Amino acid sequence: ATACGGTTKEDVKNEGGAAASAGKADPDAATKKGLTVGFLPKQVNNPYFTSADKGGEKAVRELGSTFKEVGPTSATDTAGQVSYVNTLTQQQVDAMAVSAQDPGALCTALKQAMRNDIKVVTYDSDTKADCRNAFVSQASAEDLGRTEVQLLAEQIGHKGEIAILSAAQTATNQNTWIEFMKDELKDPKYKDMKLVKVAYGNDDAQQSFQQTQGLLQEYPNLKGIISPTTVGIKAAAQYLSGSKYKGKVKLTGLGTPNDMRTYVKNGTVEAFELWDPAKLGELAARTAVALASGQITGQEGETFTAGAMGEYTIGENGVINLGKPTVFNAGNIDDFDF
Amino acid sequence: MTHPSDTGPAPVLALKGISKSFGAVRALRDVSLELFPGEVHALAGENGAGKSTLIKTLAGVHRPDAGQVLLDGAPVVFHGPGDARDAGIAVIYQEPTLFPDLSIAENIFMGRQPRRALRRIDHRATREATTALMNRLGVELDPDRPARGLSIADQQIVEIAKALSFDARVLIMDEPTAALTHSEVARLFGVVRALRDQGAAVLFISHRLEEIFEICRRVTTLRDGAWIASEPLDGMTEDDLVRRMVGRDLAELYPKQDVTPGEVALSVRRLTREGVFTDVSFDVRRGEIVGLAGLVGAGRTEVARAVFGIDRRDAGEVEVDGRRLTNGAPSTAMAAGLALVPEDRRAQGLVMDLSIERNIGLTGLGTTVRAGLMDRGAERSRSLDWAVKLRVKYARIADTVNTLSGGNQQKVVLAKWLATRPKVLIVDEPTRGIDVGTKAEVHRLLSQLAADGVAVLMISSDLPEVLGMADRVLVMHEGRLTAEIPRTDATEETVMAAATGRAA
Amino acid sequence: MPDSLTRAVRWDTVVGALLVVVLLLSFTTVDGFGNALNLSFLIGNTLPIALIALPMTLLVVSGEIDLSVASTAGLSGAVMGALWNQGMAIETIIPLCLLLGVVCGLVNGLLVTRLGLPSLAVTIGTLAAYRGIAQIVLGSDAVTDFPSAYLDFAAGRIGDTFVPYAFLPFLVLLAIAVVALHATPFGRSLFAIGAGEEAARFAGIRVRRQKLILFTVTGLMSALTGVFWALHYASARYDNATGLELSVVAAVLLGGIDFDGGKGTLGGAIAGVFLLGALQNVMSLQDVSAQSQIVVTGVLLVLSVLGPRVARQIAAARAGRRAATAPDPKTPTPTS
Amino acid sequence: MTVTAPGEAPATEVPEAGATRLVDRVFKMRELAILAVFLVMIAVTQAGNSAFLSEQGVKDLLLNATILVLVATGQALVVITRNVDLSVGSTLGISAFAAGIYLQGGGNPVVAVALAVLLGIGFGLLNGLLVSLGQVPALVVTLGTLYIIRGVDSIWVGSRQITAADLPGGFVDFGSGGLSAVPYLAMIALAVLVATAYYLRHFGGGRELYALGSNPEAARLAGIPVRKRILAAYTFCGALAGLAGALYLARFGNVDSGTGSGYELTVVSAVVVGGVVFTGGSGSVYGAALGALLLTSINSVLPALGVSSVWVLAINGVLLVLAIAVDRIVALRVASALKKRNARHA
């Protein structure tokens, strides 16, 4: 049924997306060697993705295959990322690990790749489920969202106004986490805490900087800020440590130990969390190889061993969870270097 | 060449065997010239003869392909205009070279402003010096007024003031009077004589022969880039000089054919433009040439602009053949058969970077089309046709117009508009910077057009031209029509009287 | 200098030749380049730039510029997504988006022609404004579920050929633009306006009107590009096509369009667009890092302006030497 | 212009004085217009949020503006000569990183700043040479160098980054510190600005920049060393971009391969809003600086007013267009004023 003779959202609902992967998984199949695995991060030159891809590279090497990394220099250059998917397809790699800048934009290209039986794993941020074989999630969005609220709550004694400094408005993973944060805040034990605003710094140091200033001016008695993005938390910390709010306004979120070390040491930040990007990359790589070797197909319930990382089981929609994030504080931060 | 041993002192500045080519165009071929202190030397020649090129070579703008420049008898090489200036040579170029955004004072002293301690500019001193210069020229221009928006004439005045401010040993003037009216020219000549008597050498270019005879002692003539003669002027007649320049005897300068005016073709009623001109009404009939005279700044150009629709009129009506023109719409004016040959050929008359062909073609965009597309053949033949009719001197019809000499550029503008076969033709300073030969041609053309029933409105600051060509003379003063004088009683006196607002 | 030489050193021809050379070399030496699929990728990904380059070239020839094109594209994409979420029919949405583009173009055009503002300044302003409005309209959403018929048209290719469906309409538009600029009085007037606006006005050319038309068309084409983008990448977001304006400008400049106005050919511009596209494609296939690709683009741009200049000087020098021996040009030689 | 009839003493004084005042007033207004817009904006914000002009608030305003002011000042100089330098963002990025790397190796902050400036000068020279000697359109060349420098930068930097941890504490504190509400960085910027403005107004070299922007051909005929001046303008612009890079490092304590990308548009906007016209020859660095202050402040004002960041961009753009329009209307008033005077003279 088409409204006023045209095609509407309704009509499209029924166009089911083609199932991602068919075929039967053979858990005992030998791990193939000499494969080529291409990594396509959101942005090359981005420290976070570099350490992730390093992890991936290490794993691919161990498994006796070849690693390559390509990618755009800007995290908002979706078109660029698409043409890199195409390039990898052209180069007939056996599998690719992609961190999608956009859930939809890469679909056509990724399906194209899968049709040329290239295995597609997404990591860090996902595409629509039918556009890849599996998604390696840094930590369940739920864990992240809730734990960050818990972290901040402890620091401010469960009371006061708090705000969120996110990345781009369009960042899928950011938004899901924020949903879970809001959900966590519904819990009665947070009744004295109030989320007053979600600001967006577009993962740009300067903008995140000014957004933080704005938050503090707008809400003079703001008690804490959650910034679930490495760029955001760093900028916010830098501003706080240079302002009169240092130590008074608590800051937590997702950051890398190397970025945050100074601020933890100078008392701007008590604690923050992150998963180990290197591990994320490694798991993505091992998943890719497992797929290429036919040990898994991406169906729910399949299991495989990711080398030293142990055994993983594929959840619904082909999601694989890396595990709980690590919390960093003055006590343990020096044990980490990434 | 006749060596003037009688002039006593050795030449300050001399050219020996200079040659200069631009691509295929050989602008100067083995030209020699000597300038002596205390004399005004004329440089005569048709448009494109090479006069401007010669002085640009003297000024260090162009490097000669062959030959040498001698300063006080010693060969010198000018690597740029700066060198020439430092050598005491001041130049007024044919085309005003001002900085529109800077004040008149800065325009005059740019690069050599009076300094205070720490080499800082002394703005006050600069302003005062400028005022002094303006008084010397007897004109009244606000030193702090930016040069943008100055009329051609005002620009020329500033150029002259600039040249004077050098107190140079050699003063070179390329058609400084082209835009000026008699009284201003008189002033200028006064100043030039004073300089000459202080021992300066002056090189003077003008297409107004009477001016040459009035102020110059000797003349050097060029033809097609070649040196023809250098000789004393006394004993020469204008015809002798013209013969030297053109290489033949010249037809009559004002070949005005008598015609009986037809019905009104252009009728202007109570035309007004705030602050520029007020309540201007007049008619121009078929076959008639109406002169519009007045001092520079009287508002003639502004009237022409408003009639053609370049500027919006605040009040009044314009009708062509009884068709009322929409306000501020040149396209409809053209459609009605109106054509305007503007005052400033470089900015308004021509697109300097386009070829001769395309420039003439511009007015034919509506006609040289077939099925909505350009008909290149028609466009080219139309352009060639008119370029040849007006004897434009060029190497290729596809050359850009900025390679043409001043006068030839003016011819292209005329060609461009005559090609529209207008019913009413407004010409603003049509012969400014045009040599006598061409001038005569243009006049012949105008009266021919009139004879063919075109109504011509001729704005000109060249009084003899107005008197020679016009059936009727309209005179403007400070934005108002002050007199309408029939051909029979139009004289220098009557016109100037009305123009300065004294009598009338 | 003689026509032959002028033509010989015209940069747009050089770019065209360069494009051919690059293509030939890649076909023979770069594996993965020649096959139909890759070529269709290449063309598909270059189309947005090419589409906007068409009106941009005309605009630049007339001495103006529009930096808001990418934002207009983003806006039309965003509106498309928003309306789609409202459940409106795509067949009604697309015309609406194009209309929106016309409005955006008109706003630019009116600001430039009526207030006489410099187009560079105005469109930097609207660049921010339009993108901002897009953000307000669609916020953080990313709309992806457009009807597959449309997605396939925008992303798919004809059978197994290298020709994307969308390429055919583009060719038509290209033809129209070429004729408009190079074979109609309109085009002629644009060159005149670009090279000497006042003189053009004195020649009875309706400068403001022509410019207004150009800005409007540019808006329209940008919106069309926005729609195409959203369908081609199956994703409508407020930040679609961000930064595309620089790519367009770069490509057009590379094609030898003079930003002082009055010079250039559409052929050159489009050659420039596809030259950049092809080079990037090839370099990616050759595992040249994105960073190095940026450098190459830059170097190309610099060469694109240094090249013709050097050529011109050589030509002038040669002509000069010839003139020395040539007979002096007497009055008209109206044969050339 | 009139021809004074013989004998009649030219009455120059009266109109000149009047004219001078008029012209001066009007030309000052060009900057005034922006200043007004700025003040109104601040006032409104303060009314809506009393915390805005707190010491911290003022400090932030100034700090935010500092870097853009510096770069805009340099850019203004280039634009006045009828050119443009789009590569400033890339230059800022690469020199910031250079300074950072040097400090990381335990270098001396002063030397680091000098290093950044030198690097800037280097790239400024490159642009200047290409534009003045090559005599090629600045827009194209600097768009080219924008890409080249950015590319070289990201190849060199790779995924490395400078974080506050790598920098000497004193340097970082200097970046955020100041005398009460006036940050040190702002003082530097102000000093540079005033010096530049004074040079442009009172020294031959400065005026010649205006001259050659206003009419290059005439400048050549007036014997002005055109190429030398243009080269100087670009070098200065590069130097300031380099300095800005060093200050960026001190301010944000964080630099990576993306630092300063896309900055060119902001800078150009600031200059344009500041009333420096792209056809060259007019405008002032004060205007450009005000433009910069206005633009950066908008980004602080809107969050402070609690305007959702979704709106920031749109409002930014609209304000930008408005600012230009206002400036234009003022300019038109100047023109008509001149025309009237003309008529009076005639």
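Labels A, B, C and D are assigned to the chains in the order they are written; within every chain, residues are numbered from 1.
Basically, a contact is a pair of C-beta atoms (placed from the backbone, for glycine too) under 8 Å apart; a residue touches a chain by one contact, two chains touch by 3 or more.
For clarity, every value in this text was computed on a predicted model and none was experimentally measured.
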Set of chains whose contacts include both chain D and chain B: C
Most remote chain, CA-based centroid, reference being chain D: B
Inter-chain centre distance, chain A versus chain B - centres from mean C-alpha coordinates, in Å: 74
Where chain A and chain C are represented by their mean Cα positions, the distance between them in whole Å: 36
Gap in Å, rounded to a whole number, between the CA centres of chain C and chain B: 43
Centre-of-Cα separation between chain D and chain C, whole angstrom: 30
Junction residues of chain B - those touching two or more other chains: none
Numbers and ranges of chain D residues touching at least 2 other chains: 154, 257, 310
Residues of chain C engaged with two or more neighbouring chains: 135, 139, 243, 289, 291, 294
Which pairs of chains touch, using the document's own definition: A-C, A-D, B-C, B-D, C-D
In the complex with chain B, residue positions of chain D that touch it: 1-5, 10-12, 15-16, 19-20, 23-24, 202-204, 207-208, 210-211, 213-215, 217-225, 280-282, 335, 338-343, 345-346
Interface residues, chain C side, partner chain B - complex: 1-3, 179, 183-185, 187-189, 191-192, 195-196, 198-206, 262-263, 316, 319-320, 322-324, 326, 328-334, 336
Parts of chain D lying in touch with chain C, wherever the complex brings them together: 130, 134-137, 139-141, 143-152, 154-155, 257, 262, 265, 268-269, 272, 277-279, 310-318, 320-321, 324-325, 328-329, 332
Residues of chain A touching chain D in the complex: 44-47, 49-50, 73-74, 169, 197, 199-200, 205-207, 209-211, 213-215, 217-218, 220, 234-235, 238, 241-244, 258-259, 261-263
List of chain B residues in touch with chain C within their complex: 21, 23-26, 29, 65, 224-225, 308, 310, 329-331, 333-334, 340, 342, 347-354, 358, 361-363, 365-366, 369, 372-374, 384, 387-388, 391-398, 416
